[in-house]
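The first chain written gets the first letter, and so on, giving A, B, C and D; residue counts start at 1 in each chain.
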Amino acid sequence: MIETIENQTSGKQENPTAKNFPAFFSCWDIHAYYGESYIVQGVSFDVREGEVVALLGRNGAGKTSTLRTIARTADPQLKRGEMWLDHQALHEMPSHKAAQSGVALVPEDRRIIPGLTVEENLKLAQIAEPCGWAIERIYEYFPRLAERRTQEGITLSGGEQQMLAFARALARDIKLLMLDEPFEGLAPLIRNEISKIVLDIKNLGITTIIVEQDAMAVLKLADRAIILDMGKVVFNGAAEEVRTNKELREQYLAV
Amino acid sequence: MDSIFLQILNGLDKGGAYALIALGLTLVFGTLGVVNFAHGAIFMLGSFCAVTTQNLLTYSKKVKDESITYFEAFKEVPYLEIWWGDTGSFIIDYKVPFSILLAIPVMLLIGLAMERGLIRHFYNRPHADQILVTFGLAIVIQEIVKSIYGANPIPVPAPAIVAGSASIGSWIGLGESVVYPWWRLIYLANALVVISAVFSFLKFTTYGMVVRAGMQDRETVGLLGIDIQRRFTVVFGMASVVVGIAGVMYTPILSPDYHMGMDFLVLSFVVVVVGGMGSLEGAVVAGFMLGVLQSFAAMNEIKSIFPGIDQIIVYLVAVIILLTRPRGLMGRKGVMED
Amino acid sequence: MNDQKKLARDWSRRQILKASATGAVLAASSSPMFFVKDAWAANFRNNPGNSSSVTLGFNVPQTGAYSDEGADELRAYKLAVQHLNGEGDGGMLNTMTPKSLTGNGILGKKVKFVTGDTQTKSDAARASAKRMIEKDGVLMVTGGSSSGVAIAVQGLCQENGIIFMAGLTHSNDTTGKDKKRYGFRHFFNAYMSGAALGPVLEKEYGNERKAYHLTADYTWGWTQEESMRKFTEALGWQTSKAVKTPVGAGDFSQYITPVLNSGADVLVLNHYGKDMINSLTQAVQFGLRDKQVNGKNFEIVVPLFSRLMAQGAGSNIKGILGSTNWNWSLQDAGSQAFVKSFGQAYGFPPSMAAHTCYVQTLLYANACEMAGTFNPPEVIKSLEGFSFDGMGNGPTEYRASDHQCFKNVLVVRGNMNPSSQFDLLDVVQEVPRSQVEYDPAIFGGKLGPYTV
Amino acid sequence: MDTISRKGELRMMALFAVIVLLMPIWLIPFGAAYPDLLQKFAIFGIFAVGFNILFGLTGYLSFGHAVFLGVGSYAAVWSFKLFTMNVIPAVIFGVLFSGIFAAVIGFVSLRRSGIYFSILTLAFAQMSYNLAYSVLTPITNGETGLQLRLHDLRMIDGLFIEAGEGLPLTNLFGIKMSGYPGFYFCAVLLILAFYLALRIKNSPFGMALKAIKSNQLRMGYTGFNTRPYLMSAFMISGMYAGLAGALLAVTDPLAGAERMQWTASGEVVLMTILGGVGTLFGPLLGAGLIKYFENIFSSYNDALLQETFSFLPDMLNNLMVGIISPFVGDGWHLTLGGLFMVIIIFLPGGIVGGITMVWRRYMKKRGASAEMEGETS
């Protein structure tokens, strides 16, 4: 199955228009609202193919909202702006179309569906084309999920649920993976396990945006960092720079 | 003992009707999040599918009735009987089972049309708006039915072979005197079959799994690339079919009239709430429970202790359950508590 | 909130002053009008004076469970108005005796009518009747298809000094404890049903029977149960149990199952309309009619029948005994004349509700002619004790002491072999008036004054 | 949300009072200027305004409010029967008893919110209705409804007045309460009730209720106890309903059980939403519209239609009658249902909401300058 992803990558490289649009994913001046409250206030950035981007910022800076806007969930509501993923206009799509175009969001609270077993949760991800990893391959990579395949998904431990959420994303053919706080609320040991998975994903060459409170942890993984404040982009540069620039961190990240 | 047995049977029978209606209501609420006050009207439309089938099958040649001399009157002889003789009569006799064949496509279409044409535009509106617009729809539907079929109940008898009673007592050793109408037994069996069919569909098919997932968390299902909206439209159609079949099968028990939907509506809402909003199992359990309780409350022994208890038992139980179990018997947290 | 602020602001003080000044002038100029209206009342309410027409109010259920009856009543009323105005074939005007009507309206004034919807609810019925009295200026209100509604409207008419000619109402109370000087009932009542059915039941089912009553839990049901018990117990029947059922219960199975093992061999259904159709259908489904109890065939009795109900009950009604005020198959000249004009107009025969409403309208018109005035006390006096014939029920009298019509009562049976789709009831016996008559004192109540 | 100044409030009340009191005149062209319908407008206006205090301000949707209407009526008729035909005690009793009922039902029902609250109130109303219809007949006289009788006790009246031959009439110290005087009595109470509702809405208490509507949960977290506020709102609105019920009995001394049926509760919900929930005038407008439909639309029949269109040639006349007749007379429910749907679909804020929208657009058109002027004045 690794082949499929590689094929896809190489296929895209052959695309002649790709040269004209070096950014694989790009969002341009997006504005989004939760009801009356104005949350995403004109965010623009590009992501190159295969890049891992850390999206940072304080609580309430609009990180999660930006991810949800890209995933085209009903809330927050996109009022203005464009988003393009591999020549596809995401801003014109409902969430299920965006998902079919290759957007995957692993939400903060994992959103494992109650009442469904582990396997059903995975199956659910493979109903809409295009699919990614086969379920056997997922079980191979996550043996703990294989053990619990008939167990109800929400009865798993926090770490296992996170794995399931990852697995569910990998079960789809993804072009842009968005991880919202993948380490939140996990014990240190499990965190290591998860960051190993994230590293693996990075090595697979999947374009990824990670939102994380623990900036230092994620900056080790990321190629680039984007910092949001009050719904606007205030920094966009190498991850290394944020790691070394204490002032920047203190100003926008409070660390 | 005999009477208790019969009352339990009565209660299950009644409960079957409640459960089917409440099941449809819960399906719609659980998937689309819409409080559908037109649900009773759909039940009524199901019954009138049977009436329509009857009218179609007995479409008649009018022959001048010589016995009436004061004015032009006509005797009606169904064409089916003229053409096919006994076979025609046989088909007419089996109109209720036949009308299910009509009801399934018709109710599906009605359900889909309702969802596409009206309900769809109310997903993001407050529940009060949903209640009101579907209530308005219910009034419009029933007034149209009334203007076509009149206000009086229209008898739609069951096939002659099951018109009488089964001596159910002799099967289980309670004696010959314990009898129960065939059609009610069939109704109960039908209710159980339809309920099992709905649950099997949800439990054992992939489509059902998606619907279940969507009922729990439609956003996440959408994020996995599934157009849950389209599936929910189908579920709405399915709920209409379920309640439509309930309506068809109920016609021999209760001659349908245009107002029967409203009579069931309040009760079915109570059932749904007692079961727990959004819980399919709850709807079924509460339906049967309230049916049996209502049946027992009507027993003379109980009425002599609590006069009028049979008139209020359903509501009384609803109050008690809601006060002791805030979300109904099997409700989930966070449903309809805004 | 913003808008109210603006609204208030935009209504400048000057405008408000202007508006209120106009209002005051209007109020002042219009108030004498109201007093004038009251001044007429001293004469009598809604006096047509020199107007060339008079208006009658037909207040029937147009929506709700009894709207089919209501529609049939309305058809009959329209027919009656036509006949009074000399249009059509005249119907019962040709057969009524004694008759003062001439076919040129009432007292030379053309008859017009207004209609209203009672919704089978007392409040709505009274609101509708009030509209007729206050707005449309009707001289007489008639209609109703429920005793509760009839009693409520009758009370209202008494207060307003308008004559009420009751339509279909069967409770003893209408001309019993709730009787009113301004209210008249042509229809029979539960007592008469019982009195008429008693001897027939004795003949058909014998003296040793145990009856089980299912009774609609409201006033009409109770009076009917009371009357039926009174007469059947007088025959020597026992009443094994009388159970009240909620109105509009729909499914009566839980009330029917206890009958099966109660030892009773007769079931009396004191239900009407939809309830009766459902309870009868379900009782038959429970096999009650195929049952043998105490060595006798189990029987079902429905004291009050109507053809429309028989239609709803379908084949279940076959062979069941009950009573009715009138049936279209009667062969007397009056009935034939009425059925003929009704059938020609609408294509099917009239129901008993239609009949009683038609007759009531004619009787009122006739009483006005007799009195030579529309003044209610005079009209009432000419109706009280009025004896007539040729209206379908044989010789009939409006008893002065309670405004109840006394006439023969029909005991009917659901037709076993109907010859047409309308031929649902078979007349078993025309019970003579003398057998159903009673002393008005047994129900109490007072008619009240002639002038209000 | 800003509040209207005290002066603006009084101006608005004056305007309102004039409109209400002049109803017998300006309703003439609509064919609605007769006492009974005018009384109904005022009475159901009170009912709807009261309902709006609960539903409009707190968002709690009671589906059993008609029970208080019924209790008010029964209490009033009993006051006529037992004590006096004077309407003042009847009104007081009506309000008092419905208040007590509201306290009991509210105490239990307000333990839940959302649709659970609605179902609890519905359950209580249906129980009351079913019992009033059957078992409680000694108190309610069942289906027939509680009526006055010649031999009623009337203790207080008995001391002063010789009983007449006929039924006594309800009166306000000798002024009989049927017809136009009855209407003016109701109208004055409507104006008072409306003023009270206005004061409640703009008071700190009203603000607290609105805060409950916008966020019950957060208020719970901040340690703000919402129960007493909700309880008061429920009782006040129950007492409004009781007042309306008592007035129904005042203008027409009969109390029927069907006044408590769920459809009657549904009607007041429809009135409120139709006119515009949470707005001041919306419920009044909705109440008026529904009663107008019920009384005027239902009375149209073919003959009357024929007359109305008699100016047209025969062909057209028949066509018009054919088109319209399904919607009037016995079809008035159809029109009502259709109207609801249209309003809910296209005017979510009800009629008043719609008018406000049009008004705002109009104001925008008139330009920002006028707006500015308005703000500074």
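Odds and ends about this structure:
One rule holds for everything that comes next: contacts are C-beta pairs under 8 Å (C-beta built on N, C-alpha and C of every residue); 3 or more make two chains touch, one makes a residue touch a chain.
In this text the structure is predicted, and so the values were computed from the model without any measurement.
The minimal number of chain-to-chain contact steps leading from subunit A to subunit D is 2.
Looking at B-C and A-B, the interface holding more C-beta pairs in contact is that of B-C.
Mean C-alpha position of subunit B lies 34 Å from that of subunit C. Each chain gets one centre point, the mean of its Cα atoms, and the points for subunit A and subunit B are 46 Å apart. Separating the centre of subunit C from that of subunit D, both taken as means of CA atoms, is a distance of 31 Å.
Mean C-alpha position of subunit A lies 75 Å from that of subunit C. Counting partners per residue, subunit C has 63, 67, 71, 217, 246 as the residues that reach two or more other chains.
Multi-chain contact residues of subunit A (touching two or more other chains): none found.
Shown for subunit B are the residues in touch with two or more other chains, namely 311.
Pairs of chains meeting the touch criterion are A-B, B-C, B-D, C-D. Taken together, the subunit B residues at the contact with subunit A in this complex read 206, 209-210, 212-213, 216-217, 219-228. Residues 71, 73-74, 94-96, 99-100, 104-105, 107, 111, 113-116, 120, 123-125, 127-129, 168, 172 of subunit A are the ones touching subunit B in the complex. Contacts from subunit C toward subunit D in the complex involve residues 1-9, 11, 13, 16, 19-20, 23, 26-27, 30, 34, 38, 62-63, 67, 70-71, 74, 113-117, 121-124, 126-128, 130-131, 134-136, 146-148, 151-152, 155-156, 158-159, 173, 178, 217-220, 244, 246-247, 446, 448-449, 452.
Listing the residues of subunit B that touch subunit D in their complex gives 35, 118, 121, 125, 127-129, 132-133, 135-140, 143-144, 147, 262, 266, 269-270, 273, 277, 307-308, 311-312, 315-316, 318-319, 322-323, 326-327, 336-338. For subunit C in complex with subunit B, the residues that touch the partner chain are 63-68, 71, 217, 241, 243, 246, 248, 250-251, 253-255, 257-258, 260-261, 274, 277-278, 281-282, 285-287, 290, 308, 311-316, 336, 339-340, 342-344, 347-349, 419-423.
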